[in-house]
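Please go over the structures that come below.
Paired with subunit B in one complex and with subunit C in the other, subunit A is shared by the two complexes that follow.
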Partner chain A sequence: MSDKPIQGEKRVFMTGNEVVAYAALAARAEIMYGYPITPQNEIMHYWTRMAPKYNREFLQTEDELSAGFTTLGGVLAGKKAFTATAGPGNTLMQEPLSMAEAMRLPSVVVVQQRGGPSTATVIYSQQEVTLTTLGGNGEGLRVVYSTSTHQELFDYTIKAFNTAWKYKFPTFVLGDGYQAKMRESLTMYDPGEKGIELIPAEAYLGKPGTPGVDRPPAHYRNTYNVEEELYEVLQGHFKDYEKMAPEVTEYESFGVEDSTLVVVSHGVVARAAKEAVRELREAGVKVGYFRPITLRPLPEKQLREAAARAGRFLVMESAQGQLGRLLKEAIFGAPVEMIPFYKPGVGITSEEVVDKVKATI
Partner chain B sequence: MEAYIGEYASGKSEVAVNRAVLLAREGHRVALVDLDIVEPCYTLRPIKKQLMEQGIDVLAWETRETSGLGETGNIMRPANRWALRRPGDVILDIGYGVEGSRTLNLLEGSADDPDLKILAVVNISRPMTARLEDIVEYIGQLGRVDGLINNTHLGDETTAEVVQKGAQMLGRSAELLGLPVVATTAVEDVAERIGPRDCMGNQVWAIRRYMLHTLW
Partner chain C sequence: MSKAVKIILAGEGGQGVQSVAEIIAEAANEQGREALYIPNFGVEQRGGVSVAYLQIGDQPIGAPKFQTGDIVVALSDRAVHRTRQYVGPDTVFVYDSGIEGVEDAIPTNAKKVLPIPAIKVAKEELHPRVFNIIIMGAVIKATGVVPEDRAKEAIEKKLGYKFEKNPELRELNFKAIDRGAELVAGTL
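== the complex of A and B ==
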């Protein structure tokens, strides 16, 4: 049986959830731990259909707390492990993932956002931004990629494994219910054939040699006796995070240089914003487009520059200001007016973007 | 009476809706039945009104008839259970792959209805059904199948070549399975380029994309 699920490059027509399952296979993930929740179910369904064919494993746990912790157990044992969830499941995942921050365990979580608060709708939202970027008992020491197309779901799921294993911070791929269920075409590929080197996983425990003599002891802690001890460890984490930030930060923008208004959005909403801004610019309207791809860390420098240049941000999102809040923190003090366009739990079309820009400019 | 089954996102609903529209236009009395019991609120509901206006009797849940079913509403709409006893043409849209195909057992008369044809919809651009051996294995899991529909496409990027490749692959699969290929589908402009028959001699059904306007 072939070890490579994807040979060569292939144009295919898929749903977003399937894309994630295939990307995890392509990234040589070895095991998925999971608990069903809509709209991410088909990630599990497709993973479990393919796992036996490609010698991979799956464990269904009793809830998302357990799915998160078993994922970390797999990582400690040296497996490339991942999980996927949504909404209330993401809430439960925050506890294990904050342990991953504390113990610096690489881990990949794919989130397909659904409506909130609580169980709300199973369909769609961008209301898990605050939770995914800053959730848990801690300091938000994680990387969050917000995808916008099926191609990106494939590319960034593969990338998430490398980011997690390189920097040893939990890494999230933040999709949503629309991306999960939507069907569109993309090119699938084997990362190796594209020159992407996959970082191998190694066991955290049971390494050869005598601990403290041949190697440092494998002492991974999420609990400390005194405040100072914790403080010192955290300083190291912050330093690592700061060093990593410019290396992982990604964004996409155009038309910012000559505009007095910039539409800022992320994820699937950025598709509508991009199309609308392109259309408006072709019609001679001076409007710009900015989309952070990493919501944590945010491209602060570029956001500040765009803010200073344009003076006005039109912030569009399917949440009541969750991206807005992150932006305000990132560009605090910049001379920019923030104009909100918030539709929590509901999609935003390019026509709405065009109308809002015209009414604002 | 035609039941459309097949791999998740293979295009079952799109083909079923187009069949219903075509038959209605030809003056037939048509009932279109949504038998997705995994996600019963999401398949045909958003375009139900539009289809009713074209004279099709759409048997699908409506929001006001349900009580917070969401994705967990595995309750079959009572009228749907008796759909095969309706007069006129009946088109069944059966959701969700292999598990979904078992929904058919819940329909009164499905085991012995002499007019019922169960057609499996296949798009070879879907990675799970891209290779000959995968298609043969997958169709084998579906239970009773009376024929195959080549619904190979790449969304907006579909060309005649993409569709014809699907026709060739389905032809070989059908031979191994001992089943007929009933038709090849293609959106109207691509269908026009292919002509009334595809490269394997199957009839071509020109379709329109109605499902773009649905939720999922």
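== the complex of A and C ==
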């Protein structure tokens, strides 16, 4: 039985859900826990089809609460575990993922956003940004990668496992229904052959030696009796998170230096923005492009610099200002005008970006 | 930088528009070109108009959906109504000439409106089951996104296992490509 699902580099043409399943295999994920919900179902379908061939496992649970908690169980047992969800499933998933923040469990969650609130549409949106970055009764101690192409879905799903196991914060890959269902080309690869070192999982419990003598005791808690103790533990988490932030933060930008307007977008909308800004710049229009890849933590420094240079942000998203709100917090006090272009639950085309930029500039 | 060709295919469920879009996209990808295909999807299991959005070019494709198609193909009366919104001054609008009662809905702002007798040809000359392959022939001829032999290779790849059992099916499908292409040849 082959251990490597992908040998060498391979150009493929498939849906985003299939890409995620392959990427999880390539990242040596050992088990997926899941509960079906559109538009991410096929992640499960492809995983369950391929997993037995590579000695990987799958457990379907009774709902997303359980899928989230069993994922944490897998992690505690030292397995590279992940789950995938969307919409109302993502809402339920926040309770276990909040525990992952509390206990520093490197769980990986792939989200394919659908319309909201509630059941809404099974199709598409960018309305799970607030939930995915700051959901749960906590402080948002997590990493969120917002992908925009199938290549990135592959790359960042692999990366998510490494980020999670390196820093011990829950890590999300935030896609959407369009990315889930569309087909386009990408190059798949075995991470090892590309020089990407996969960080191995290790068991949290049942380590050898005497606790307190040979090793520190395995003391993982999500409950505290005393306020001050919780406060102190959280300070440690915040410190770790702050130290991690500059190491994991990613963004993409061009044309910011000479522009008086910068289009800021993320995920699949950034495809439209990128195409439109390129086209406009070729026609001599001075407009820039900025796309945070990590929505949490945000590339605050670079956003502030872009804001100071350009003076105006055109914020485009398939939500009613969820990215906008994150940006406002990140660059509070920066001398920048934020012009909203919000289309909750609906796609944004490059034609619309071109029209809006022309009307604004 | 040449822009991607944007194609909309719309019809009733079962008319096979999604299969056609997928086969063309795969043929383009096999050729080393950039392709992006996305179906519309929702909670309905039946009853909706099926729309396929397809883009083929030589640069990475931008947004998965778009406002105006270079070619918009409507295969039912409801599809004509549904796809009017994707028609602009540079659009070739193709519809089946057998669709009745849509005279008032045919877009008037298209570069060209092209009625083709695909349903009739399928029924009378070939077989109703290759109706969508006739449409595929027409689309690739009208857009030039992939050569006909590449399209045939892609069909072979997709349906080869059926052709093994019944070689006549292969001939039927390849004829459908040719006939589809003939329907639009010289009209553009």
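Just so we're on the same page, the second predicted complex is superposed on the first by the 361 of 361 C-alpha atoms of A that agree within 3 Å, B and C clash if a C-alpha of one lies under 4 Å from a C-alpha of the other, contacts with A are read in each partner's own complex, and residues count from 1 in each chain.
The definition used in the following text is that a residue touches a chain if its C-beta (ideal position, glycine included) is under 8 Å from a C-beta of that chain, and two chains touch if they have at least 3 such contacts.
A quick note: this is a predicted structure, and the numbers were derived from the prediction, not measured.
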### Task
Judging by the criteria at the top, classify the pair subunit B and subunit C on subunit A as clash or fit.
clash
### Query
Just subunit B (first), just subunit C (second), both, or neither: which does A:18 touch?
first
### Query
Which holds for A:272: it touches subunit B only (first), subunit C only (second), both, or neither?
second
### Query
A:350 contacts which: subunit B (first), subunit C (second), both, neither?
second
### Message
Once chain A of both complexes is superposed, is A:149 in touch with subunit B (first), subunit C (second), both, or neither?
### Response
second
### Message
Tell me the contact category for A:72 with respect to subunit B and subunit C: first, second, both or neither.
### Response
neither
### Task
Applying the touch criterion given at the start, work out whether A:184 contacts subunit B, subunit C, both or neither, answering first, second, both or neither.
both
### Message
Just checking: does A:122 make contact with subunit B only, subunit C only, both, or neither of them? Give me first, second, both or neither.
### Response
both
### Query
Looking at the overlay, does A:42 come into contact with subunit B only (first), subunit C only (second), both, or neither?
first
#### Entry: subunit C-contacting residues of subunit A that also contact subunit B
13, 38-39, 121-123, 177, 181-185
### Query
Which positions of subunit B touch subunit A when the two form their complex?
8-9, 39, 42, 70-71, 123, 125-128, 130, 153-157, 215-216
### Task
State the interface residues of subunit A toward subunit B in the complex, per the touch definition above.
10-15, 18, 22, 38-39, 42, 45-46, 49, 121-123, 177, 181-185, 188
### For the subunit A and subunit C complex, residues of the former touching the latter
13, 38-39, 121-123, 149, 177-178, 181-185, 268-269, 271-272, 274-276, 282, 347-352
### Message
Considering only the defined contacts, which subunit C positions touch subunit A in the complex?
### Response
1, 22, 25-26, 29, 34-43, 60-68
